[in-house]
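Have a look at these structures, which come just after this line.
Below are two complexes that have chain A in common, paired first with chain B and then with chain C.
Our next item is the complex of A and B:
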């Protein structure tokens, strides 16, 4: 049945198309802000796009013939998650699509004999182990509040989620730092190889496969920020302000902290993150009973 | 200028390899990458992975121990790429030119595009050398586009 284009649908489609490029701009802005914090002028804001185009034009060096498929899978699954989010689907589906994307990256890292790449893959698994439970627990808290896992339910719910689950919002800071691969929790490979031997999980990527991974990373950034913006879904401008606040704190943390060990990442995210979300969860349950 | 060439010039990622230098030039290379000169405003990033690098910065003379490593790093870099030899040792072998264990300049092992003289080369000169290397990169990039 063909109906006239729904304005909501148009916004969703526009969001899907714009998101990867918006991610590139956000990364560029991040590099500029980081440079200013270090008293430098910094690269132009469109620098990530130059990097991407350059990488696309490099001679392809593949670790295996399976690698480009996995790089495409990484971008593809994140993009699928983005589409699910734009059409306000199930939160759990969205989070598990993101997991699939990460699995692609890890398998690609294990897909060569390079010890750096394998070590990076192992550490990427540990990062996943740190932030995935936090995201799933947050989704469950959302279900407790709104009665549904659908993102649509959050939009239709009267009160902004931030007022009901402030502690869960704070816990998203950990998710964002680990996902953006920022210090102190950039154990699997930082953005620009500042603090490691080679490039961690990205070691074996070059040319267009690295470009795909980079594009996936931009999309993932917008995707995670969009998920955080759901904490004030009633007015998405406030939602995005909340998301960008966490993003800015992540950049500040990146500039003042060295990298910590993976053990401290696990400890912080499991103890602090779990405690924040579970406290919120219990408070919500008690509030429900009353 | 084509978009691809422009992007290549705007985003040169540097791989730094110490081929047995006295560390004088390495300290100067690091000085050229420090916040005062802010190489990142030209998109220059010091990267540890040869597979992702565009410019190979070599310091020190090639010797019989590490020339294979140097060749290996060079071979692992995808085209288009340029090589910058920093310091007198990397250019000619310098004071090590007649040592039994050295081969001489880096150009005995891999083709060098730009030589930066000096013992040790000054950071301003290194930055200047990278700008010259970018011109080489532009030539190579355009040649490659024509060949396509």
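Our next item is the complex of A and C:
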């Protein structure tokens, strides 16, 4: 069967295997850059891996017996989404799979009757409500441009999406900030444990369950950056440069802004985000008519 | 001959069974209901094979139907005068005038077949007879529990089962009528059953809500009669098939617009949403039946029936707009609801909106999306109502705030309920397959209507995810004081009904490819080419592909891995973090000032006071009325 393995397939498989580790490196890089911005030296880039291994070996405590499965579900469904993405499947379906992962995290947070974790779960739900519609709207715009929801269609389409949907690209900044749990929109628990003593949605996770959540977070980061890189799918180096640009802006924003309320998060994403993508949509339609 | 017997069985058997139960004692209830349910389910499968036949019953029967129709109107008139309800009296009089005029001025039968079963009817028959029968079985157990608290001198169950079964028979008749007058007749019987079932408990609120359901139903009846009258005037025919196949004219579009209004009343679309919300005062089997397999599907059925005839007209967008607006509006209002049945009711109205949207958009993809949603929604919603009813009877509360940690108290029922909730909004189940296709429908429409529809759909879907997810979270909050999970006793009637629907839902979701290829396709085929290319692992359309089985495999792998890790790593269960102020041995209390022990509770998220029914519903109704007027107005253009 090895002969049927085409190079595309090999790249996809390699990507799937590498992605979680790549996520760890990106998180390490994030910590380094953040430290430098704050005039600190910062940890080594592979510090997140040390942290993960340490977490895994810690004495296990659970808040309820569902926690391990739900934490596994968070990582597992993000990973499933990543596999679907690597094999260039349906964009909308990939986003639905991501929702599934988020629901696992939220339910796990609700699951332990801790006021902190419940509040975190609730806020995670609101974060999801803020960024997911933007992803769905972007996927729909992509479908209108390329004629299909399949990621494959973006690769086969001649023009880079960025040239057709610049405003939608800008809207991804909101998605990324909310998803990376960066200020000002880190309401559910910040990505860096630098602002709070009790870490919102993560409060009740410890040891290996927290390690699984962390692994899921890394994978999700690579996953979202990969989605953004599709704005220049014709040359993925440019695509990743675009994605990392937004990533860098998110880190800068994190260091500049304090946390805002969930209402302002929801308002910004639903007003500004919706407007950016829909305006892009209308502009495209008018341009096509002309 | 064979098919004629089958269709007669489907219509008459439930009615007969209901009449028997009216006189027979309590002991006969299961002896009658169980075989009836079984026969109905088998009949609906057999009818799938026989589809494509038509039949005209004996003229005597036709006269009987006419007579019964007048009797029914007389009864409505009595109800109107008895309750001094002006809308009911007025609307009934209008109908009586129209029916009378029609019968005495040479209206009537023109030789077309009266009954006709095609692909669309047979899908509806499957839904009605499978889910509906299971709800009746559930009712055997439920009504006994229900009457325990009521201290009645005489059981009111005989009349309850009569109307429950009559509703099934009427629905079977409705979806297999080709003669619009018969359709109208069965339509009115469903209105009657709905009225009688909602007011079953006889309380004042039940009576008021039943009257509201009645007058709204009668609005639909008037609209339907109007459509019949116009159709007969324009084409001199009473055959639904002829109306749909004949070349379109503005007059005919008016008839279809009126049918759409009639459909909105039955499917509780804005501005007629309030009757279905009021219906939750009735015993649970009524809600389960109205929301999942009968009543509300009558409206959807009508839209699916005439939709191919309005292809390419503005009317398409008008009706679609009502549907999609209803979807968005109800999803947002559902966020604020605390009562389980109210959330379920809003979700039903919203999903029906989505189905009507898909049905009226009139492409191959949209038509199949509507059917997929119709079938899977019926199963999931039926399941949810049945579980909600059991839980309500146990806890004596329908407030979901009181359902906290229910998984430990009622593990089986809550477990099924959780799967039911998951099946409404997560991609392992068929409902989301339908929604996925619906997004494709909205995005591939012409760009300007598309923008409005997409925005509404995205907002609606996000709100839907939110209200289901927070409910899901509430149910499995775990440490509670009674931490040990106790096994619950579930009566045989509850187990049969809920587990069968659950099984059907899972099997149908896993076999979605088969469902699309062999069930949905039979209703789509007469009008369009099937837009799907179903495979074993994924269902593809021109727009993309949806994968259910791979997700189940992923889920199995995750469960297995999670189980292994848990097994291997273990971990003691410790109390939640409470800033160090935990109370030893009491998981839900903390130490307050001066070491006072205080219980804490976590409340749900309901967005007060931004979203409340009182504030939002008037606006929703207003927009609904405007959109309905637009539907009628579009005919003129």
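For this structure, a couple of remarks:
In this section, the second predicted complex is superposed on the first by the 285 of 290 C-alpha atoms of A that agree within 3 Å, B and C clash if a C-alpha of one lies under 4 Å from a C-alpha of the other, contacts with A are read in each partner's own complex, and residues count from 1 in each chain.
As a convention for this text, contacts are C-beta pairs under 8 Å (C-beta built on N, C-alpha and C of every residue); 3 or more make two chains touch, one makes a residue touch a chain.
All figures in this text were calculated on a predicted structure; none of them were measured in a lab.
By the touch criterion defined above, A:51 reaches chain B but does not reach chain C. Looking at the shared chain after the overlay, A:72 reaches chain C, while chain B stays out of its contact range.
Of the two partner chains, chain B and chain C are each touched by A:61.
By the touch criterion defined above, A:204 reaches both chain B and chain C.
Of the two partner chains placed by the overlay, only chain B lies in contact with A:42; chain C stays clear of it. Annotation for chain A, partner touching more residues between chain B and chain C: C.
Counting contacts by the rule stated earlier, residues 60-61, 198, 203-204, 207 of chain A appear in both its interface with chain B and its interface with chain C.
The part of chain A that touches chain C in the complex is made up of residues 60-66, 68-73, 76-77, 80, 84, 89-93, 96-97, 99-100, 103, 106-107, 109-118, 121-122, 125, 128-129, 132-133, 136-137, 140, 143-144, 147-150, 198, 203-204, 207-209, 212, 274, 278, 281-282, 285.
Remark: chain B residues 3-4, 6-8, 10-11, 35, 38, 40-43, 45-49, 51-52, 54, 76, 78-80 touch chain A in the complex.
Per the touch definition, chain A reaches chain B in the complex via residues 31, 35, 38-43, 47, 49-55, 57-61, 192-193, 196-199, 202-207, 210. By the touch criterion stated above, chain C contacts chain A in their complex at residues 404-405, 426-428, 432, 436, 439-440, 442-444, 447-448, 450-451, 454-455, 458-459, 461-463, 465-466, 469-470, 472-474, 476-480, 538, 542-547, 550-551, 554, 557-559, 561-563, 565-566, 569-574, 576-579, 587-588, 600, 602, 605.
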